[in-house]
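Presented below are the structures under discussion, each in the form of structure tokens.
Shared between the two complexes below is chain A, which pairs with chain B and chain C, respectively.
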Partner chain A sequence: MTEEEVIQAVKDIIQTVAPDEDVSGLDPDVRLREQIDLDSMDFLDIVMELRKLYGVQVPEEDYKELATLASCVRYLHPKLSAKQLALRV
Partner chain B sequence: MGHDAIVIGAGMSGLAAALRLALHGKRVALLERHELWGGLNSFYTLDGRAFDVGLHALTNYVPAGTRGAPLTRLLRALRLRHEELRLGPQRHSEIVFPGARLTFTNDVAHLSAEVARLFPAQRDGFARLVEWVRAYEVREDREPAPSARAVLAEHLSEPLLREMLLLPVLYYGSAREEDVDAQTFAILFRALFLEGLARPAGGIRTLLNLLVKRVKQAGVELCLSTGVRRILVEGGAARGVELESGEVLTAPLVFSSAGWVETQRLAGRSAASEDEGRLSFLESIWVLDRPAHALGHGASTTFFALDERPRYRRPEALVDTRSGVLSSADNFETGETRAGEREGGELRVSVLANHARWRALAGEEYARAKAEAADAAGAAAVAVTADFRARRVVRDVFTPATIERFTGHVGGAVYGSPRKRWDGASGIERLVLIGSDQGYLGVIGALLSGVTMANRHALAGARAAEALS
Partner chain C sequence: MPELARIVLTGVGLAAPNGSSLPEFRESLLSGRSGVSSYEIRHVGKTQAGVCGYDALRYQSKKDLRRGTRAGSIAVYCANEAVRDAGLDLAAYDAARIGVFPGITEHGNVETEHEIHEVAKYGFDLSFWSHHHNPRTVANNPAGEVTLNLGLKGPAYCLGGACAAGNLGLIHGAQLLRLGEIDLALAGGVSESIRTFGIFASFAAEGALARHEDPARASRPFDKARNGIVVAEGGCLFALERLEDARARGARIYAELLGHCVNSDGTDFVLPDPAGQNACIRGALKSARLAAHEIDLVSTHATSTPSGDAVEARVVREVFGDGPRTYVNNTKSFIGHAMGAAGALELAGNLPSLTDGVVHPTINVDELDPECAIKNLVTNAPLSVGRVDTILNMSFGMLGINSAVVVGNVRS
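So, the complex of A and B:
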């Protein structure tokens, strides 16, 4: 996966978790929670989907690394670089 | 194959808990005693006509995308889209007391203006009450203050207004006589007045069918006609259930929506009699030859009292028709009539009823009492709105005995035990209460109860995620 694909992967997961939200215009440097209405349980769902789709384990102490799209890429790209972007179903 | 969790009861809270767990990869068995799901909110067909049980309206209605609202959080947690619920908002509702009528809509500014018009001196107090409700933080980890009447008295000096605002809250969710705790009051006041009412096009089956479809897609093993004989407890912890068939299912976690008293009994423990709910209702459904609004009844929901200080307690008689709720499926913007999905009209009248008195009747005596009680409820209702009775095509009536039979709630107690267990604790390890006796009420509330308890008790990382907020 390229960095762009990691962004796409995260956006796809947010769309799955929050089907009513528009994820197309998200600013990568602004906290996700300030742009869309995600609560703590939604983060849990995002973490769970990362595990399910890509086998990535995000330990609890690293949840804060998922605050913005940019920080997601920094944190996830090393873990995802060898994986393929999953197709949204 | 073993299960990660067993959920007892496929009502709203059980369906939601099972779906939430399955979305997180848990293997779940969802056990339902009846041949149909829905519990307190189910449906049936009589003479080829579709009826809902229990549902007047959904409270907590907000438009799609409303940030931070319970409905938005719920849809998110269950991965549902707002439009799939096909919600039609109410037109308006009303609270009718002797000499006073307050209307309310899904915009609280309307109610504020009504209060200011009818009770000018209470305007600021009402605004402060609304602020108190908005600021109220719902918590599962502490006992709430005991009295909504005390909260109302802090903000409003006019007793009639206090009674008028309390009545809908009590009727739509108090398991306690004459009052309700402050947390339930805050939740229900917000659900009714700050958010609002809506009805799914097609009634409760639209929502139930959607949930059941998703539950199955998510891999939940939904077992209908599967009653639980007992919950197996070993060393103070639940380890599974024994079914009516004698089969044993084990799992490290059991969720029960059966109610506090009922769950204790299933686990072989006794429950205090003051934990049994005392409030039940008689509901009469009047199918009319035309929509209620064509008869001059335009309100979605009418909470009425024929006395200035209505009683909200178990009556000595079969029913107490001095107050009640009148609800019409016709007065929601669901577009069903336009689309030809519904014909004619429907009104429901619900009044307080005495379970033991109804249980003592049988056969023809029971049938006659039902007809008389429904007549009396209809007569009370037309004291506050247009006379719809001559337009009746069919009428069906539920009593507390009906409610007990279909929900398993002791005493036909619609809102369960007067004491809620907000944290879901059952007194037994690995056994979690969900549904009415956990504390979240109403359709959206019951669904949130299942989701919240599943998050709290079964999903790893939930506490760490909460700490981030």
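So, the complex of A and C:
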């Protein structure tokens, strides 16, 4: 996966977790929770989808790394570079 | 006993397999339109069920639906529809004095089965078990989802009563209104049971799951060829108020709750006891201060099982005998068995009789089983009987729970 694909993977997961939101225009440098309605249960959903779709385990101490799209890419790209972008269902 | 406050039904919100509002549902019951269709569920395969087509996004977002349960979604839809139908302005109430009381047959099986199938995909690694599992499966889930949706602060919980549950919410709401603990109740029953394979498999194991090549003809209470239950989903919540409050706000009143009874057979896990059913119906009549011959319409519970229908028919004959103007019908022939919602939906579909004097039939009676012969059983076509002032609605469930309510036109 390229960095662009990692962004797409995270956006796809956010769209699944928050299906009423428009994720196309998310600012990569602004905290996700300031841009769309995401609470702590949604956040756990995002972590769960990363686990289910890509086998990535995000330990609780690393949750802060998922605050923005840009920080997601920094944190997830090394873990996802060898994986294929999952098709949205 | 002190004179109790009179309780009235002023709103109906419902989701039935053949109608998503009372007018739609009633029209289906008068025109013979079944809500049972072909249905497939994992492990069971092809079967039939009553599936609802209400607009789940009318009162909830996609995220609400994703996070919650089908029973919660049904309850939220019914609660909003009941409030709207009753012409209620919830802002005019103290939110802490509004209660929500859905009856449920069971809750949590759907969600638990789903999670087990999810973790099975990952070798039962429980790090894949959802954090949503507990809030989805707690027994107050459907009631609680209504409070979240409407911002209510009062008592809200479910009444678990197997297939007798559909009357329990109504009875409990009325009791809290009479105690003065609440000013408004949204009460009835809900069911998501068609989404658990276990309920189909268990009925099949008991030899009590209906089989018919035409789904619309599978649920056939009192018919000689009946062979079991059609499982259905659905819900119905009534807006309940004290009569004086309803009159003060100029509300349209569907009916007054005249009496009720809940009792137990105390005899068997699954087999009905005619003595217990008889006592329940007589208890409801006594509570309503009415004689059997003063009931104009009896809404039966019959689920289309060979033994259950025969027992119930016997009880109806015992209690109502030859009453010349007591008519009898059944709703499960149209929609199947909506479990916790059944009693509430069955009462709702009959409420219009109090104004139009028409009794909807029980359909699919091609050959009446002589064991199920009941005087004035209305079969296959609606019957205009002139005047319906009182309805007795009964529901019975496993572990021998029986419930009956009597409603009627408000007398001055």
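In this section, the second predicted complex is superposed on the first by the 89 of 89 C-alpha atoms of A that agree within 3 Å, B and C clash if a C-alpha of one lies under 4 Å from a C-alpha of the other, contacts with A are read in each partner's own complex, and residues count from 1 in each chain.
Following the convention adopted for this analysis, contacts are C-beta pairs under 8 Å (C-beta built on N, C-alpha and C of every residue); 3 or more make two chains touch, one makes a residue touch a chain.
Quick caveat, the model's predicted, so the values are computed rather than measured.
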Determine, under the contact definition given at the top, whether A:M41 touches first (chain B), second (chain C), both, or neither. both
Residues of chain A touched by chain B versus by chain C: which partner has the larger set? B
Touching A:Q57, do we find chain B (first), chain C (second), both, or neither? second
After the superposition on A, what does A:A18 contact: first (chain B), second (chain C), both or neither? both
Could you list which residues of chain A make contact with chain B in one structure and with chain C in the other? 17-20, 37, 41-42, 44-45, 48, 52
As the complex stands, chain B meets chain A at residues 23-25, 64-65, 67-68, 72-73, 75-77, 79-82, 451, 455, 459, 461-462, 464-469
Contact set on chain C toward chain A in their complex: 61-63, 66-67, 122, 127-128, 130-132
Interface residues, chain A side, partner chain C - complex: 17-20, 37, 41-42, 44-45, 48, 51-52, 57
Footprint of chain B on chain A - complex, ascending: 16-21, 37, 39-45, 47-48, 52, 60-61, 63-64
